[in-house]
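Scrolling down, you'll hit the structures one after another.
One chain, chain A, appears in both complexes that follow, with chain B as partner in the first and chain C in the second.
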Partner chain A sequence: DTVPPQVVPGADPSARQLCFAWGPAEVLVCETLFGRAGGFRSRCLFRSPCPSRFWGEGTVGAAARALTGSVTGTGDGASGSSRVFVVRRDQDIYIQTLRKLFNESHGIFMGLQRSEEELAGKSRKAQLVQVSKNYRSVIRACMEDMHQAAVSTRDPALQGQYSTQVSILSAMELIWNLCEILFVEAATAGPLLLRLLDWVRLHVCDVDSMVREVLSSESPSKHKLFWNVVDVFVLQGRMDEARHLLSKEASANPASMNMYKILDDLMKKMPVPSLGNTQTLTELELKWQHWHEECQRYLQDGTFASNPHMESICKILLGDEDAILEKKELMTTWYHFLVTRLLYSHPTVKPMELRFYAQSSMDLFLGGESSPEPLDMILMAAFEFEMHQVIKECSIVLSNWWFVAHLTDLLDHCKLLQSHNLYFGSNMREFLLLEYASGLFSHHSLWQLGVDYFDHCPEYGRVYLELHIERIPLSTEQKALKVLRICEQRQMHEQVRSICKIMAMKALRNNRLGSALSWSIRAKDAAFATLISDRFLKDYCERGCFSDLDLIDNLGPSMLLSDRLTFLGKYREFHRLYGEKRFPEAARLLLTLMTAHIAPCSFWMTLLTDALPLLEQKEVIFSAEQTYELMRCLEDLTAGNPDKQKFQDDDVETTKVEMLRLALARNLARVIVKEGTMEGS
Partner chain B sequence: AMEDVSAKFVSQKISRTRWRPLPAAALQPPDIFATGSWDNEDNRISIWSAGDLGNAGLNGEYHGEPHLLCDIQHNGDVMDMQFLDQERIVVASSTGTVTIFRHHQNNQTLSADHRWEKAHYHVDQDTSCGGAACTGVVCNNPEIVTVGEDGRINLFRADQKDAVRTIDNADSSTLHAVTFLRTTEILTVNSIGQLKIWDLRQQKNEPSQIFSLAGDRVPLHCVDRHPNQQHIVATGGQDGMLSIWDIRQGTMPVSLLNAHEAEMWEVHFHPSDPDHLFTCSEDGSLWHWDTSTNVSEKPSFLHQGGRSTAYLSHSTINQSVVSAWLSSDPTKDRMEITNLIPNQTLSVNSLDVLGPCLVYGTDAEAIYVNRQLFA
Partner chain C sequence: QVSVINTVDTSHEDMIHDAQMDYYGTRLATCSSDRSVKIFDVRNGGQILIADLRGHEGPVWQVAWAHPMYGNILASCSYDRKVIIWKEENGTWEKTYEYTGHDSSVNSVCWAPHDYGLILACGSSDGAISLLTYTGDGQWEVKKISNAHTIGCNAVSWAPAVVPGSLIEQPSGQKPNYIKRFASGGCDNLVKIWKDEEGQWKEEQKLEAHSDWVRDVAWAPSIGLPTSTIASCSQDGRVFIWTCDDASGNSWSPKLLHKFNDVVWHVSWSITANILAVSGGDNKVTLWKESVDGLWACISDVNKGQGGVSAVTEGQQNEQ
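What follows is the complex of A and B.
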């Protein structure tokens, strides 16, 4: 309840009651027509139902903050009317430069999912560390781009936005790197310290410019910041660089040559953990003890008493906390202090001991002057090996789901998140991936990336995908084909049918019968194919000729999709045969259409009328048997028609029937004569 | 080799990539290419330089990623794109509009030169005209042919305000792509598996020939014609199948080659070395089809790397190589097929080849340039 209420900018709950509806990717907020009087008083408007299920206290802020400030559209009507606000869930999705991060990391994510545990032990670990490094290099590349953008823009607001993103990305990389050392690589005592030193060197860059300035000056040893730079090197354990600088100073002061030599010797001899297995920890500790005693001796016998700089360096080498803390400005952060402290007092620190040193280092460094910031809390949680706490804190602080989703997935692949099942059914990895992918789906262009993330959520991914995919606007056929492909590959029959139907309807509305038909053929939608066939037939009846012959003549096997389509194809074939004056074949086909009940009854009259010119041909075409069948068809039609009344009322129809009967009778007479003659001859 | 590929993430989904044509006497490999985007709220036409030639390493390999020279906003998805000449690009939009953009190379800007609004449109049953996506464009300066979802074929001239010729309802299904067969004849493919030849000299609004896939009428998405042997035509279908047609005979493809697992979006014969063919697909792969493997002597320029590369004419093309495309079972004896993008997951929407250079663009918002295709 300490979290302040979050309100959508522009919506004023004190003036009007607001109502809202949750969608999978967006919240719709609208002002109601109710005044405040009698209404309930709700202060905190937006509590994401999802995170609170799982995060509990504290996370509401994250969800709400992610929502505010991202009002993407307001419909503003007349002064009296209500407005609707569309509030999106993940505003960072809309930052142009971050699209590089989303796209490139998608590739890494997919690689990780593919890389399933075929490798065992060490090589698997190396593989996972490599994946982690790849993620970090994408963050770094994105940071550089963002930095470039910040430098090159002239718009101060934009510049501020970019700079904020640079610091967010830089914090992400810092946290990720620490997680990589502690969790993914799980560095052991010895190598652990070396990794932490690398980590500090990589991320504490506030002093870099000072170092550059001194080193590039004409005579570094005369520079006023000379000793500061030497200290920076010592604090970061960069012994070779520190010794190199000191040697310059030494050559300028031949008088104190001996003192320099001793310090240089101490620095050179300092035992450091090795990455290989060349020495045991006990060996290292022994050597260390010996070296430490030597330093102690020199300090006590006043070897460096004449030079306060060198004396302070010697104290640092001895791990003197006060001496190190004096250099607070050169370390800038408590975690630098921590690592320096470990380097000079506990070089063989074990992972599980880190928490004690971390806590006391933070307390000492901040000294009660300032309270820890969120980033400090996250790093502290990492040092305490509280992985869930790290993820939780990051979710609260960072403005996007990208980081926690990908980090959690990686940790899960490291088998570090034991089935931490949440009570609503999915585990944390899946929960975060679902959130991230839903954010992608709310974006106009990035939705395609979301598909693969849903694919790797075994519990709810499918359902989420089904819900989201139906909301993708199908602006062109090309886009529809892409969405369709996604659905077909995943056997999402319902969605396939619905997409094809939408596209077929669109085509039908635009009078594109051919396109409409190909969409229903794709979905194997017989009912819709029938509907379209009827449109073709209706057009034919109205105009007396077929449209879209290129299609109907080339139906191929798709003709079998629906009976009506079969009829359409066959009926067109009849017309072709007739046009080619292949009358006997045409006649046979026409009759089959009725006797085999391929033609719908409503179309029989048209077919019989089509028979008229064949009956009137000079040559006899229908055999006696065929003529009888035609007559039966005609009688079935007139007798069996429940709308018999209609025929009697309709003069045209009546005439047609009369004409047909007459033609059939005449044909029968002719064919009897002909067949009789043929038999006789 | 994949090491020679440089990539750039561009924060927009790429629907088309095209090399700018080289001037007739050029000795340098191509450098400038254009891209078009789709499915963004703000779509763009962009002109890129593939990378600085000065950065060429000792072995002629290139470093550095493509860099943007200029870009311009484009209304609607870029559906297709073609260079008309060195400076002008014709762009087909999902809004049905066809635009000629001009690239001013002196000050690196783009401007719209001419626009045919709603060159493709639907006649809605109840209301006014709505634009229909223009799906394909092909140029033979000054002539421009466009096709669209409305089944319409337009013939424009770059210097004329109105269409020279329009065939309404040329096709009852969607026309997906178009290319020139000869100067007066075009080839179209449609969504019911048909390949059609249209003779633009003829006044009747019907194709002069219709070819069709047997069996299921799988939609065809792309078409290209062999640059030297005009009767050889390649098409790509919704099922990822590559079809080779000999338009002198029959009405069905000469060979059907299994290729991609999803829509084949583009197919291109190499313009000067047509025993090589390139296809890309929704399944995220890009295939190089090589029928030259059995030929002892490759055209000479392929062996020269780097900056000294000269583009010789195609006089070295061997007759027997060309016919490899028409052999009854090309896969068996003569063809070598390589997937140039392993492990890609999102669609490769477009590719273009010129000289030793390949450029392609993806839905993963990246463009890739390979400058040593035959190395």
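What follows is the complex of A and C.
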């Protein structure tokens, strides 16, 4: 038993402790020493994680377990004291070949959520069985890809990884298939056996190569493994194939013709359940009883005594446990043994009777030599119809939530969880989906699938989405827009605002004022809009021109978001009017900006300076009243505000003020004359 | 299964006291007894040192990242009685504010929910808690709660922002009426809850259950339920989970999570508040998950043995 490697290699329990912090999708671990304000130091050891602990409310199965488990990590022996370890669970989402599994199962999941609930009875069941089959075919496709990857790689480590994945996927499909038969389709006595036979034939493949070898040999009946293959067929209930092979033996060995004919006949006549409703169970049982007795007679008469192989087959037909168990290596698993037993001793087995046969089969097969593995326990739980147990065990054993989340969801749609211990039922579905979807969020593109899963978790889906979606790094504008669209579609206003603010801040830091402004407008962030408008205005003062004119020109009603923004918009409008030589309008606007206090005081000087060219025009633009207003503004500016005392000291400013006073006075003179003249005439 | 996806060699010359990921998990800040605060870019399993911030004159105990909407801002607190706020400006990190109003080691810093603005709570060994609020233009306003905990305050943690009353979207520009609260833990063995009442911070609740210094408090993120949850851990080896069912915040009841054999130093919640991590106490870091309505689904009885989980496939030894 190897001690699992520690996350922090070389962690010294006698000297250090471990500090732990959550990241959005990972955890940080580093060595530290707590106890700064007089506390004492303790030992510590971080063993890598297994599933977590609960504090229970007296609920079923809740128990505590410390964080233990195994870790694949870098194992250098260097001192860990200056290192921080970033640790994550559920790294499966990063396996490229599993991508198909996640993407396609997402499609199936969504289809299931949207499917017709009005369909009742048989058609609904058929629909659900189809969904189950679809999931399984995705698993198989993935297995195929993984297998190809394993075969084509040269790197033995990778090959090992791929092979492991293939076995895990295979086990998943095995379990899912059984669940489909027992729970989704809920096969009844009769068809149940047929389904189980299919299941076994599909999944016990260890003998396939042997079968191929014998069948493709020149003279199969002379092959040393011939009888093994016949046995395999018999054990799997593949009567036609068995009989076919036997006929070859018979033709090669005429002495046993009699025996062969009888055996062949028995095998041909064996009553099996049929899928259609051509016979009732009672009829079948009756027929079977007769047939069983006939086989018994032949065996007791010693018909097959001279051919041990055939005799053994006859015993198998009679359901003789010992005879069947002798062929252990050909069956390889206890569940194969179970199905064979059922085929030959109780073909009309009812679903609820399975558990007894399953338990005894496992016991007989393992025979105390080996103990059951997790997979065995899961299958056993399924045979016992303990759905919750199946899910529980799978959760523990599998490295990510994919399997249990999707299977539980399907079972929930079959209305099976509710009938079982309904207190937990629907919550469990949601719980597993939440875990699965949360895991997807740490992936740079799979997070989008996670959104849909959260959407279908009625209780906590929304809040989980809110918490997770905020943590998606908005590395590009496109990604931000994508995230925004998702939030907007779901009326997640807080998140929209938050994201827009973050983007605005980013843009501002990169000096992209236009982008920053449009983001803050989208965020309805008045404060930020004011800040950015100030920057625009500052830029204008320094450079004499505006950047991002398009944006400012087309602000529209969003101009009203903040006073400063309104000013910015209007100020730009002033410039536009001036550029279009619409001087009277420009003049009016300019004045309004000051008198209506839209312009901040700090900007008045600039505005007045802007008024200069208008005052210097050949044509008189400002009316007398307007001129008086301007003068008043200037006086307010220079006299009233104590800050503006600075003006007195600054030469440039003083000159400007003088020029303005002069211009205003001249304008006044001209306009009085003009207005006087007009009134006169 | 868990894998180490990155190992950041910080090259701190002395003990690391705190390590925190930023909001998106792209940057890592660490602080140490070597008086420095370091920031690393850890995207894609890399580790690039972005900044080595010097300014503290003693061991730095904690770092905290502000919400990205305020830019890249990091707060640090130290034995040197200072709280420093660092900001990234034009690609470089600089000190943007330094608070020296405490008389003793500042042990804990925590940023308020971004909805409240940019506010930092700081707990100090001088028993006071200070609240630094950014008012604009590089200015910070300070409010101090003196004698919040006799002997010293070890931890502060903000409650998530929850708007009381209606959930209708507020008209733009209008600030909703948030009730600001935070929790603190101190050397008086108490956990206290503070509430902002018209600009003044008042002690709203005193939670008594620990028999020794409270080392850490953590207010769980909100998942939309009307209950509030706080975790506290103490020198007495106990971790309590405090829950309050009513919105007015009046009745808090403790539930003992576990009694460890040793001091418990640190508790923290995952972002969806479904897992609580506890560092310290009998030498482990343990993860705890609440079972809501009997939700036990994934993890259960200790019957798989310590030290690893067997692979699903039969006959295959555990390799992972």
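Everything below uses one rule, namely that the second predicted complex is superposed on the first by the 550 of 681 C-alpha atoms of A that agree within 3 Å, B and C clash if a C-alpha of one lies under 4 Å from a C-alpha of the other, contacts with A are read in each partner's own complex, and residues count from 1 in each chain.
One rule holds for everything that comes next: a contact is a pair of C-beta atoms (placed from the backbone, for glycine too) under 8 Å apart; a residue touches a chain by one contact, two chains touch by 3 or more.
Please read these numbers as outputs of a predicted model, since none were measured by experiment.
Of the two partner chains placed by the overlay, only chain C lies in contact with A:29; chain B stays clear of it.
After overlaying the two complexes on the shared chain, residue contacts for A:375 are found with chain C alone; chain B is out of touch.
In the superposition on chain A, A:509 contacts both chain B and chain C. Comparing chain B with chain C, the partner in contact with more residues of chain A is C. In the superposition on chain A, A:280 makes contact with neither chain B nor chain C.
In the superposed model, A:481 lies in contact with chain B only, and not with chain C.
Of the two partner chains, neither chain B nor chain C is touched by A:602.
Of the two partner chains placed by the overlay, only chain B lies in contact with A:106; chain C stays clear of it.
On chain A, the surface patch touched by chain B in one complex and by chain C in the other comprises residues 509. For chain C in complex with chain A, the residues that touch the partner chain are 1-13, 15-21, 23-26, 28, 30, 42, 59, 61, 67-72, 79, 88-90, 105, 107, 114-115, 125, 152, 154, 169, 172-173, 187, 213, 215, 221-224, 235, 241, 255, 257-258, 262-263, 265-266, 268-272, 274-275, 277, 279-280, 283-302, 304, 306-316, 318-320. Taken in their complex, chain A has these residues touching chain B: 96-97, 99-100, 103-104, 106-107, 110-111, 114, 444-445, 448-449, 452, 475-479, 481-482, 485, 489, 509-515, 517-518, 521, 547-548, 550-551, 554-558. The part of chain B that touches chain A in the complex is made up of residues 9, 11-13, 38-41, 77, 79, 94, 122-125, 130, 132-133, 135, 149-151, 169, 171-174, 191-192, 194, 207, 210, 212, 214-217, 219, 238, 262-263, 282, 343-347, 363-366. Residue ranges on chain A touching chain C, taken from their complex, read 1, 3-4, 7, 13, 17-37, 39-40, 42-57, 59-74, 81-91, 160, 164, 167-168, 170-172, 333, 373-376, 378, 388, 391-392, 395-399, 401, 404, 408, 423-424, 427-428, 431-432, 434-435, 438, 442, 460, 462-464, 467-468, 470-474, 493-494, 498, 501-502, 504-506, 509, 524, 526, 561.
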